[in-house]
Each structure stands twice: as structure tokens, then as C-alpha cells.
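Below is the structure I would like to discuss, written out as C-alpha cells.
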Amino acid sequence: MKFSFPLMALGLEVTMIVLFALFVEYEMDPIVIKQTNATKLPKSERFLQLYPLFQDVHVMIFVGFGFLMTFLKKYGFSSVGINLFVAALGLQWGIIVQGILHSRGQKIQIGIKSMINADFSTATVLISFGAVLGKTSPIQMLVMTILEIAAFAGNEYLVGEIFQASDIGASMTIHAFGAYFGLAVAGILYRSGLRKRHKNEESVYYSDLFAMIGTLFLWIFWPSFNSAIAEPGNKQNRAAIHTYLSLAACVLTAYAFSSLVTHRGKLNMVHIQNATLAGGVAVGTCADMDIGPFVAMIIGSTAGVVSVLGYKFLTVYHSHAGSGPGFFHWNSSCWRSSYRFNSKDTYLGTAI
Amino acid sequence: MKFSFPLMALGLEVTMIVLFALFVEYEMDPIVIKQTNATKLPKSERFLQLYPLFQDVHVMIFVGFGFLMTFLKKYGFSSVGINLFVAALGLQWGIIVQGILHSRGQKIQIGIKSMINADFSTATVLISFGAVLGKTSPIQMLVMTILEIAAFAGNEYLVGEIFQASDIGASMTIHAFGAYFGLAVAGILYRSGLRKRHKNEESVYYSDLFAMIGTLFLWIFWPSFNSAIAEPGNKQNRAAIHTYLSLAACVLTAYAFSSLVTHRGKLNMVHIQNATLAGGVAVGTCADMDIGPFVAMIIGSTAGVVSVLGYKFLTVYHSHAGSGPGFFHWNSSCWRSSYRFNSKDTYLGTAI
Amino acid sequence: MKFSFPLMALGLEVTMIVLFALFVEYEMDPIVIKQTNATKLPKSERFLQLYPLFQDVHVMIFVGFGFLMTFLKKYGFSSVGINLFVAALGLQWGIIVQGILHSRGQKIQIGIKSMINADFSTATVLISFGAVLGKTSPIQMLVMTILEIAAFAGNEYLVGEIFQASDIGASMTIHAFGAYFGLAVAGILYRSGLRKRHKNEESVYYSDLFAMIGTLFLWIFWPSFNSAIAEPGNKQNRAAIHTYLSLAACVLTAYAFSSLVTHRGKLNMVHIQNATLAGGVAVGTCADMDIGPFVAMIIGSTAGVVSVLGYKFLTVYHSHAGSGPGFFHWNSSCWRSSYRFNSKDTYLGTAI
């Protein structure tokens, strides 16, 4: 058994290299274009312009998601370490799968946009990862990464290209999808084990500070996440502004409701680490539209409320409310936004 | 009493949303402008160009200031958590107050510059926050945020628009103002309590490492802080270069003097966490001027010296020198630069 | 003896200021150029375009290298603190030494490229620093910084300008050079002391999490490191893409081989903290060339394997394998890439 993980990892990397050798080429400027159309930036300049947003997303994926889970005392290193591994595999696979679906039979072109999209696709797995942390072997993570990113790319193609639905910050395709996938995996693999309380899932003082590193980098760079692949110009700028405002509004309502539902009016760290991010997810779907700044704030503040309440009252397996993993149940009629925000909670907070 | 904090927070957020609905609109390009003036970038492109500097400032506000105070053993989480709350409220309020003062009766336009300025205005409160950490309730922080940002915006309008004083890095309007405001609040609320030594204000090993996260991100991104709203072109570039050089010079003199004034020549962590940043504040006022690179280094290295010496010798309430909060006294004739650097120390180091 | 460190530090800073006053001026746009050549950006706009890449490198130097060494339990603060000091001195000295060599008798012009190159030159010292951490006094670090950066600048001038060798990510001139320099210094100063096992070199749980902050920020921003000074356009974009892919591939093989060579198939934290970065160094020399994306991945995955194996089997002083500093020996015929990857390991992992 000792050799199964390394052999699988090596086999996958060799497969990736072969796929890249066969199907991937650089995205280049045809030299002619450069002069003719002055208003549109040549792709090589667009690269540098979007590069800082790419790096913001990159920090979110590897530092943000990595450290978010370190609040579990014994899983701190697993969280950061497995996160790095899964994301590194996922981004290579994401470039291939997304590339095949969008390239319409031509070679896959790799450029700044495909790098951003590849990072996005890994986010799905990392969100699901939150639901199964400490319960999966590395091999199971490998399999989950490959399957989920393929499913994500197919789903995203369906939503974006076939249905032409707007989802600029990928709230539906990434966050809701990732949360459900994780719940499903957890449900299949560990239905019984879920009932036991895990001592290792307790958090301690320093662990919570490490987790705040993750929370803050996700919170800070979420405007980049929601605007990175938006249409340049006003749409992209609006996406950043809306996410900035929605997140700020979300913090206030999340703190207020955290204090309301917690014993003696104290703030609950898990709420602060998780619900403050709901504003970024909630505004994601419509971030680039001309909705008006105050609407973004209404969306964000609603998200903060729903996220805290959902976390408090909608936990699955009520037997271990307050101690075990905070999975949510959903009755089939749960309305869509709660759906999204709760699923958010699910992956962001697996322990109280 | 349990409901007063959440109700105030919710009330403030609702107020913000109403104010935004009434007064705030997007900053947009008039489509005509785009062709006529080729040398000036359209606002939508300027957005993406300044966005990385905005994100640097954003990291300073939420990670930098947030983690700077984690060196206090028991206040680590309060520091990061309250910092997030205060800044999230402050930036919404900052957009409104600054917008009203600068919009000359028209609607407030929200764009990348107002986002940067809103982040700036929260810095004032976060600096004052350092002086009162562990001594205020969340409600008092709410009130302080609202009052101080209003006062800041008025003061900044006075200094910048009426007196036309140069203060590109906002050293006077943000750092000195914030430090004095914090001292005043601390003085009013806790005059007697200050004499007691607080055990919770001790720092421990890991706390100091967390605080270095704050210090380093502030140190690294300070050139963005001082150059973000400078005039594009040579002025903006100079502001970044000067801050870069001033900070580097400041580190050397701060370490040297820390070693000189500390027992057995050892380095004092509080000096390293605080005095190394004085170079950024000190050069702020004149960062965009054509002063010559070496002058920036002279300013920075002087700031490092003054900051360490000020911290060592100018503490207020001499009775608890070496143990209590390191507030400075000022005689009315204290010269201006010491004023600035000491105030820096004040907010950056509230414990020895 | 108490005064020797502060006096040396102050003396050096005064020297720097004098050198800057005599030799350094701003890099400016001749106003004429602005109109004539539309395809080439004026330098003042190039400044803002490269500024985000500069800040990425800045984070690598001060947060990345600073926290990488915190995995040593007792040296956490030294690591971060001395790192800041050495880098702050080094970047001033780097601007002078590199400037003199490249300015051909004219005044040294300081701009965004010289700031990036100055940060690069400090990386050499910080790499060497890894080999001598906990074994040098601050004064020795001062001397080492001055000597090594001078030697680095000379070497880099030789490789880049005289031999015209390609080394866009500076893998040879920075990483290999820095590692050897550190080994030499360690060899000269502490030949005997090396045999003793240092208890302080043990790592503990939280230390490892802090070290992962360093690892992750280095890993995330390495594409900026390798592309920051590349030729604008396709070359620069390729350098970023190649480094991104090489690093991702490297993670998979590093994890696989770490699991292979470790007892019971577990992952070794030191491998994860170090070998995952080998992909960035390995692809550095040819990152901007038109090698094809899959070749970058082959380079990265080979680097991951060689780095783990080198760390495991090629340690110098076999007597303390598994406990002491993991210095490598090299027989004179060691092939070039192993040379590079091993040297990487050397500076990144001085303890098991």
C-alpha cells in the first residue's frame, strides 16, 4: 500500500505532461493585429494587466484556502500541505479539461485567462476538501480532484455556454457545486463515522489565529476573484467595487448576528472566520451588472445574516450540534440563496 | 445590554445602505473622452492600473494592522477580529464622508481612488485602536469609528483643500491625527486604569511571530500606501522609490539604536516591530517631491533613531515605564518630526 | 563589544547615504520620447506596469525568505528579524554595486528595474543565510552581506554581460551562487561546530506552520520572480507561464518521492517546505525561451525528484544525517542540474 500514493501521483503527472505536449500551446499575438486596432489591448499587454489579479487569486487558493482549515488543532499541517498538493494537481488538470471544452477542436491556448480559470477550478475541490478534511486518504483526494474538476468543467460549460447564465464570480459553479460535492463525498464515505465527535477537530488559540490568515487573504482578494475574468472596462470595475462593498457590509451583519445568537453576546470565531466571506460569494453571480452600489451592500448584509443563522440552526445530524462537523441539512424546498450561503458555511466551518 | 452592540451595528449598516442608495453612483468614462485625449488614460483603464496598489493598501489595513497587535498574548484574536470589523465599517463611512466633502454638491462617485481613500480613512481609526486595545467595548469602538473618520475627513479636507498643504502619504492627516485621537480617547475613558499593569499585555514567543506578519506586510507595501493617490508619472514613481529607500535606511538605524539602548546590546522586538515602520511615515509628507533619493534615506534613518529613542525615553506616566502602555507625553514645544515619529510608536507599541 | 554592531550598522548606513548622494539619480522620461515611439511604453508607465511584479518579489524576500526559516524552534524570531535587517542593507548596497557595473561611467539611475534587481541581489545573501542561521553574529552577517552582494554583482555581470549567458530567473547567479557562498562561509567559520547536534534546530508544530507561510508566498510569487525583468511581451508572459507550470509539476513529484523515501509512506514536512520550490529555480534559467509548456513541466517534475533524493541521500557529514544541518557534498563531477537543485535544498532545509 505504501507505493500506491506515490505511483498514482507520478502516473498523473506523467499523464499531464503527455496531455500538455499533445494539446497545449501558448496564446500569442498575431503580429498583424498589434497596429490595426488601437483601442483593444494586444494579448501580451493584457497579460501583464491581468497578472496582478491572477496573483491575488493565486494567494487566495494557496494561502487563503490553505490556512482557513488550520483552525482544526491537529489538521493544521494537513490542511496547508494537502491543499497545496490538490491545487497543484488541480490547476494542471483544469487547464486541460476546461481547454478541451472551450477550444472547439483546436489546440488549447494557455494564457493569463486560462491560468485564472485553472485556479478557479481548483477552488471547487478545495471547498469540498473542507467537508472531508481529516477523513480522506491522499489517494482519495487524488481521485476526488480528478473527478470533481472534470464534473466542474462540464457543469460550468453547461451553465455558462449552453444556458448562457450569468455567474461572473462563479458563485454557483464553484461555491455551491463544491460544497455539495464535498457533502456527497463525505456522505458516501463516512456516513457512520460522522456521528462520532472527533477530538482533533477542536480548535485552539493559535490555530484560530492561523485560520484568520486564511480568512483575511480570502476576504481581501475576493474582489479580484469576482472581477478577474469579467469583461474589461466598466463591467470589470463594477465587479471589484460591488464585491468590496458587499464584503464590508457582510462583516457588520455577521458580527451583529454572531453576537445575537451566541451566549452572553460574545462573538463566535467560527462565524467571523466564515460568515464574513459570504458577501463575496453572494454577490458573485451578479457582480459585474449595473445593480447600483447599495444593492451590492444589501446582498452582502443579507448574506452575513443568513450565513450566521444557517450555521446556527441548520446543522445536519442535530445530535452533535455544537461539537461535530457543521454540515447542513437541506429540505428540498430550501430557497436558493440560503442554499448558497449555507453551503458556504458548510465548507468553511466544519467545527465549532 | 446584550442587544445594544448588534442593534447598533445593524442600524449603522442600514444607515450606510440608505446613504449609498441616495448619494453614491459609479465613476464612469464619458464615452466621448476616450478618443480625444490619448495621453491621459480613460478612467476605466486607470482603474486596473491602480488596482494592484489598492490591493496592497487593502492588505496593509486588514492583515498589516490586524496582526500588528497580536503580540499581546490575550488580545491576539480581538486584535485581528475587531480590526476587521472597524475597518469594514470605516471604509463605508469613509466613502460617504470624504465623498460629501469632495463632491461639491454633486453625487459621490465611487471608483478606485475613493476605494483607496476609504481604506486610508480606516487607517486613522486602526492607529487610534492601538492605544485603546483591550480597554474598549465593541460599542465604544463603533462610536469612535464614526466620530474619528468624520473628524479625519474634515481635517484632511482642511489640510489638503483649504491650506493646500502637501501630505501625499498622509503622514500628518492619518498617522499623527490617529495617534493623538487614540491618546485622547484613552485619556478620557481610562485615566485611572492606565496605572495598573495589565498581565494580558505581555507578549509571548508565537505572539511576536504573528505580530511580525503584520509588521512585514506593512513594511513591504508602504511604498504603495505613499504612492497610490499620487499624480501619475514621475511623481508617483518617486513616491514609491523614496518610501522604499526610506524604509530600508530606517531598518538599519532602528536596529543599531535598539541594540544601543537595550541591555547587553540585544535587539528589542518591540523596536523591530515598530521603529522599522517609522521610515514610511516620516517620508510620507514629501514622498512625491523631487528631493533626491539620498534625502529620503536621511529622513528614514533619522526616523528610525528618533522612534527608538522616543520609545525608550519619552513614555507618559513614568510610573509604569517598562511595563504599561508606552504612551508618550509631549510638551507643547516638541518638534514636529518627533511628534510624528513618537505618535507612530504610540500606536504601534502599547506594551514593552 | 556592545557597540561594535550598532556602530558598524550606522557607519554602513552613512556610507550608503553618501554613495547615493554622489552617484544615484532618478530614472526619468525624456519628455521628447513620449510622443515619437508609440509602441514602446514611456518609462513612467512601465514603472506602474512592473510595480506589481516588484511587490511580489518584495513579499518573497521579506515574508517568504523570512518565514521559511521559522521552522527552527528557537530561531523563529532571529530568522524573520535578521532577514529584514540583511535585506534592508542588501538592497541599498545592491543598487550601488549593480548600478556601478551597468552604468558605464554615468550616474546610476534608480527605477523599477533597479529596485527589482536590488531585491534579487539580497536573495543571494538570504539563501546563504540559511546555511549559517544560528551560527553567526549580526556583525558577521553585516560583513557577509557586503562581501557577497559585491561578489554576486560581479559574477552576474560576468555571466550576463560578458558571457551573454541566458539566466532570466537568475537560477545560476542567485540560487547556486548563494548556496555555495553560504556553504563556504559555514565551512570556514564552523567546521568543527557542525558535528554537534543543535537542540535548537528542532522544529515544532507551530514553527512548521509559520514556515509554510514562507514556503507558500515563495511558491505563489515565483512566476513573478522569474518574469519580472524579462523582455516585455511574449517572453515575459512565457516566463510566468513556465514557472507556474513547473512549480505545479514539481509539487506532485516532490510529494510522491517524499512519500517513497519516508518511513511508512508518510510525507516529510521538510521536503514539502523545500522541494516544492525546486521547480521555480530549475526552470529559471530558460523560463523565457520558447521551450513549450510541457517541457517546463518536465523540468519542474525532475527538479522535485532530484531535490527530495538529494536531500535524502547526499548530505554532507554523514555522521549526523537525520539530525544535523543537511549540507550536501558534491563530487566534482556532479551534473549541473543536480548542482542547482541540491544547492536549493541546502539553503532551504538545514534541519530534519
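Just so it is clear, A, B and C label the chains in written order, and each chain counts residues from 1 on its own.
Throughout what follows, a contact is a pair of C-beta atoms (placed from the backbone, for glycine too) under 8 Å apart; a residue touches a chain by one contact, two chains touch by 3 or more.
On a predicted model such as this, the values are computed, not experimentally measured, just so you know.
The angle needed to superpose chain A on chain C by their Cα atoms is 120 degrees, rounded to the nearest 5. Because chain A and chain B carry the same sequence, their contact can be compared by residue number, and under half of the numbers here are used by both. Taking each chain's centre as the average of its CA atoms, chain A and chain B sit 31 Å apart. The multi-chain contact residues of chain C, meaning those touching 2 or more other chains, are 49, 52, 206, 213.
Taken together, the chain C residues at the contact with chain B in this complex read 1-3, 5-7, 9-10, 12-13, 16-18, 20-21, 24-26, 28-29, 34, 44, 47-49, 51-52, 55, 58-59, 62-63, 66, 70, 76-77, 80-81, 84-85, 88-89, 91-92, 110-112, 115, 138, 206, 210, 213. Across the complex, chain A meets chain B through its residues 39, 49, 52-53, 56, 205-206, 208-209, 212-213, 216-217, 219-221, 223-224, 232-234, 236-238, 240-241, 244-245, 247-249, 251-253, 255-257, 259-260, 264-265, 267, 269, 272, 276, 290, 292-294, 297-298, 301.
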